[in-house]
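As structure tokens, here come the structures.
What follows is chain A paired twice: with chain B in the first complex and chain C in the second.
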Partner chain A sequence: MRKRTRPAILHSTTLVLLIALSMGWLGLGADVRAQSTTEIPESSAVAPAIAVAPPTEVRVQDAPNDHGHALTVRWKLSTDDGQGQNNILAYRILRTPKLVGPLPMDSAKSGTDLQVFSSPETIYEEAVWRLIPDQWDTLGQVPLGTSKYENRGGKQRDAKDFLPDATPFQYKVIATTAAGGMGISEASAPAQSSGQIVHTSKLQFIGIPVVIFTALVLGFISAAKRGRELYIRPLAGIGAVDEAIGRATEMNRPILYVLGLGAPDDIATIASYTILSRVAKKVAEHRTELLVPCYDAVVMSIAQETVRQAYLDAGRPDEYKEDMVYYVTQEQFAYVAAVNGTMLRRQTATNFYLGVFYAESLILAETGSLAGSIQISGTDRVTQIPFFIVACDYTLIGEELYAASAYLGREPKLLGTLKAQDWAKGMFIAFMIFGLVGAALQWNWVVSLFRMSF
Partner chain B sequence: MDWPTTIATTVAALLTLAVFSFLYKDNPFYKFAEHLMVGVSAGYWVIILWYTVVIPKMWQPLEAGKWYYIIPIILGILMWARLNRKWQWVSRYPLAFYIGVSTGVAIPLEMKAKVIEQLNGSVDLVTTMYATQASGMTVVNNILILIGIIAALIYFFFSKAHTGATGSIAKFGIGVLMVGFGASFGFTVMARISLLIERLQFLLFEWLKWG
Partner chain C sequence: MKRQLPLIIIFVCGIFMVFQYFIPHENSEFIYEFAALDWPPIIGVFALTLGIISLVRVSATKISKRDEDWQYSIVTLLGLAAMIIAGLPWFGGQTSPAVKWQFDFIMRPIIATIFSLLSFFIASAAYRAFRARSVLASILLISAVIVMIRFMPLGPFTDIVSRTADWVLNVPNLAAKRAIIIGVGLGIISTALKVVLGVERSYLGRD
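== the complex of A and B ==
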């Protein structure tokens, strides 16, 4: 019912307005236009109560360096703004076609006299929007002296301020006075918004550090490949890996390796694959049993590949069994319950907890401690490190986990990257001290360097 | 309480007790609760993934004529090659693609969250002191924080042995970290105790109807 009555209301309103305008009720016409968001303010058809010079040269272009859904409107100020009659109060911005929505999905299927906006995405979204040609939305206004308006809309289709990409819009700018006078510009040429892949203004801030860091990485990798000894200080947790594997071998009990609850692309999980590779190789050499219960199916696939390759490198591919690395479940505490059960039933001699951990960290480490296992842990989740510290024999704190993978692997690429990372860290510390000194001396230009928007 | 609710509450209470029995030692009740939880959750996730991934991210885009979605779908299907010993190697391609892309996406975010924001925050400590005309303990506090940050960063220097001046600063840095970890530990333990209290309240008041 509502869909049928709305056009009728619109038509009757338009009819009344046309009659009023044709009778010369100009003041009334101006007021109605100012309040309405659906009528078209035609400068040629309506003369304002007090004529003022309209803004000119209205130009619209896509807002740069964003994800789309934004257009920038620019215009040349009215000649009565700050000069001439000097009576401009503000500029009102209008846009066509009018956007109506979000509407329920079934609106797209019913026949109406309104144009349905349907990009392929809207088919399975929960809302649709209609574009109504020749009707104008009033977007807002800016004070006198302003010649730019940023029409930044929402990205989500269910947002009230949604502004679709790849859809041409035209704009008008109305100069208004305190006495109700108006000067209406010509409509701009159509323009549409789109997202950009590269944020060019960030390049200057990111580009320089990236170039420096890349040069450092390549330089150190090259040095490592040439055989230059790159020093990395010993890490207690890593030194204990061989000892822990040896202990499990002597006791003839399995080794448990937990990759945590992280996604396959978490940096800590990626670091953990490298350590798993090293552990698996040692385990293969010692012919000890290895258990890797996994929380994520993709992590399991990667871990299986890692362990298989390690067994191959150790010269014992026949010793590798698929069920060494197995999937448990993707429910946090169900996973913990299963791993705890494994620890007590299989009496694991050594437990590794390396990766991303949440609330389960203490439960796992405490059970392992009760079972009498030697435990080596490492995570970059700051809130979980304390639990590992109190319940495990060795803990890799934060970045030590990343360093451990390089330390164990001793591969030129990893060593070179770690060295470059240290240098970069040194530069950041120096930059920070510079910033602190600058801020202490109230050098605003130094402080502004730290206010860059990313 | 109606019968269905009474039965559900009793099952929940018995499962809670079965899990608590692990505190004594591993036993058949815990094993039952563990296997039930693992089985139910694995099944639950299959359904969740069906309705949040397969339908909206595979089926519907194809229905809408977005044929380029066929590329990730093929990559996903290649993962199934793992099940065949002869074709296992094929599954390495989607894995390599996934890890490569997601690591590339993750690194700038990590850079922003863990480096840029830290730098901004550190400088903010000083600018805020000026802006608020801080004095006394606030100034001492902020200076201590800044010294702590620099010392902790030096602890994570791997290219230099922790000896001499570097060793002393690193020792101070790890001390600062431990103070932070201690506070975090105490805070979380309190949260865990509140979880225990909630479970005990459930057993005593909802199940046994005490009080």
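== the complex of A and C ==
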């Protein structure tokens, strides 16, 4: 005698589901996110199934803080999950209406049983998606003990996993067992996805600190403008710049300035431009030769303008030559070979390595060291700092690279930003101690303050 | 106006990028993708032309002036020409056998050679760094030795060496790295603010 506790859900297509689930156990349906169609009938009595308690309270809501095209499904676990019969293996998530597409625009049609979806937005390539009611897409499955599924679709209209915004979807969750048992939840209430205007989590954890930091920066700049004396601890590497340029002048040898392998929009590269500007001005005043081999053509263009302007400011525009700043190659080790060759052939008196560096840092710095050059380096890449420290005379560690321009310029406005950085670091330390104490004393409200979700 | 216009452009673009970061909406992403992701490659293509012109000019000048080791510049120009010619559509384009041959049998061995120099440089740099000239240098030496021998079978000492090395890496080393990373983060924000607000404008030539 068959045990039939849920006759409403037993149907011929239930057999299909069972086979599909079995394939899942056997690893035949490896991609659990792959979509397949499942029809869930109202009633039938063809295939047997072992009854298990279904998940309940299936709720769907728009995923927060995103560009849309995502819905979050939550449910209450089956009472057989970890307790009761304790035989739940996974939860399978289904969605209706079924999405068919992308179809070409000219296949768009309307009718009583079909809905045609096309977005009024025209920013992306358009495609037609057909919404078929009362048919279910199987989205994927999650292991036992999981009560949440993120249905994150693509935003491109021609993407296979496209999930339209402003379109109501319903979800069901099926609890499944290894023996083929299943318990199907009630359908959720319809929900639709949409993009948010403000990322609240980012605003809370990044936006507010940035606003505070900006206020500090502006406050200290204002104080500096009013003539307040700001003490900035001396940096040996910066202090050595004048000495290094003077040495090159005395030895009548060129100065090599390497901007690193960073892209033109890397902040370390931008910081390096500002230092290059100040170094180039001093070099122009001393009438020393400057060599700036570049790894990136855009960086070269910007560096050329920077050096040209520095020579103009120094009152020696005629001393500037276009070939001072030149392009080498965008191949990492070919660039290294070229720069090393320049160091050894030209016997550069001073080498600056300021910017973004990778594995080439030690090769460059060691070659310069062997060539007897005085070397000043600085990078924000933590992994490369030790190499520079051992091979260079002076190294700007991390943030010191960003501070160098302010040190060289000694302008009150720039020094104000350094002071703001120090205050911000103090605030960070205070927050860290606060969090540490809160975590040690198991104050969950303190711990939750530091929990980020993005 | 010559300096004000770039500053205005930088300010507007910088402020847009700041706000864009906090706006996840699809339209915001689209503008970001258009403004920040599509433009750089276009500019890069033009800049690459300037780069190649620069390379050719510098090399040609060296050859014409017979600068020191000017012969290398001939090799540079020949290499540039050979790769460009081999990649022309009439010779099979970028995937032509000639391009592949040059990559496989010239570029790769040279690059591997340069990269392999690193092992020797690491040895020489380590020798210099690990000389126990002071208390701090001695601590560095001891820490380095512990970390280097952590995977060696050392009989009864294996476990303690391994644990000590893990402690060195996960406590003092990680603490220092995190401190640098926090400083770098603040420095990045600070530099970006200075540039966006026009406080730092030395790269535009005004001190």
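In the analysis below, the second predicted complex is superposed on the first by the 257 of 454 C-alpha atoms of A that agree within 3 Å, B and C clash if a C-alpha of one lies under 4 Å from a C-alpha of the other, contacts with A are read in each partner's own complex, and residues count from 1 in each chain.
Keep in mind that, in the parts below, contacts are C-beta pairs under 8 Å (C-beta built on N, C-alpha and C of every residue); 3 or more make two chains touch, one makes a residue touch a chain.
Please read all numbers here as calculations on a predicted model, not as lab measurements.
In the superposition on chain A, A:337 contacts both chain B and chain C.
Touch criterion not met for A:285: it reaches neither chain B nor chain C.
Residue contacts after overlaying the shared chain place A:319 against neither chain B nor chain C. Within the superposed three-chain model, A:387 lies in touch with chain B and with chain C [touch as defined at top]. When the two complexes are overlaid on their common chain A, residue A:265 makes contact with chain B and with chain C alike. Set against each other, chain B and chain C touch different numbers of residues in chain A, with C touching more.
After overlaying the two complexes on the shared chain, residue contacts for A:328 are found with chain B and with chain C alike.
By the touch criterion defined above, A:195 reaches chain C but does not reach chain B. By the touch criterion defined above, A:417 lies against chain C but remains apart from chain B after alignment on the C-alpha atoms of chain A. Once the two complexes are laid over each other on the shared chain, residue contacts for A:298 go to chain B and to chain C alike. Put simply, chain A uses residues 121, 123-124, 263, 265, 267, 270, 298, 301-302, 328-329, 331, 333-334, 337, 341, 345, 362, 382, 385, 387, 389-390, 397-399, 403, 418, 425, 428 to touch chain B in one complex and chain C in the other. Residue ranges on chain A touching chain B, taken from their complex, read 120-121, 123-124, 230-233, 263-267, 270, 298, 301-302, 304-305, 328-331, 333-335, 337-338, 340-341, 344-345, 362, 382-383, 385-387, 389-390, 397-400, 403, 407, 418-419, 422-423, 425-426, 428-429, 431-433, 435-436, 438-440, 442, 447, 450-452, 454. Per the touch definition, chain C reaches chain A in the complex via residues 18, 21-30, 40, 43-44, 47-52, 54-55, 57-58, 61, 68-69, 72, 107, 110-111, 114-115, 117-118, 121-122, 124-126, 128-129, 177, 180-184, 186-195, 199-200, 202-207. Per the touch definition, chain A reaches chain C in the complex via residues 65-69, 121, 123-124, 155, 165, 195-199, 202-203, 206-207, 210, 213-214, 217, 221, 263, 265, 267, 270-271, 273-274, 276-278, 281, 294, 296-298, 300-302, 306, 309-310, 312-313, 322-323, 325-329, 331-334, 336-337, 341, 345-346, 359, 362-363, 365-367, 380, 382, 385, 387, 389-391, 397-399, 401-403, 405-406, 409, 411, 413-414, 417-418, 420-421, 424-425, 428. Across the complex, chain A is touched by residues 19, 22, 25-26, 30-31, 33-34, 37-38, 40-42, 44-45, 56, 60-61, 63-66, 79, 82, 91-92, 95, 98-99, 102-103, 105-107, 110, 112, 115-116, 119-120, 122-123, 126-127, 130, 146, 149-150, 153-154, 156-162, 177-178, 180-182, 184-185, 188, 192 of chain B.
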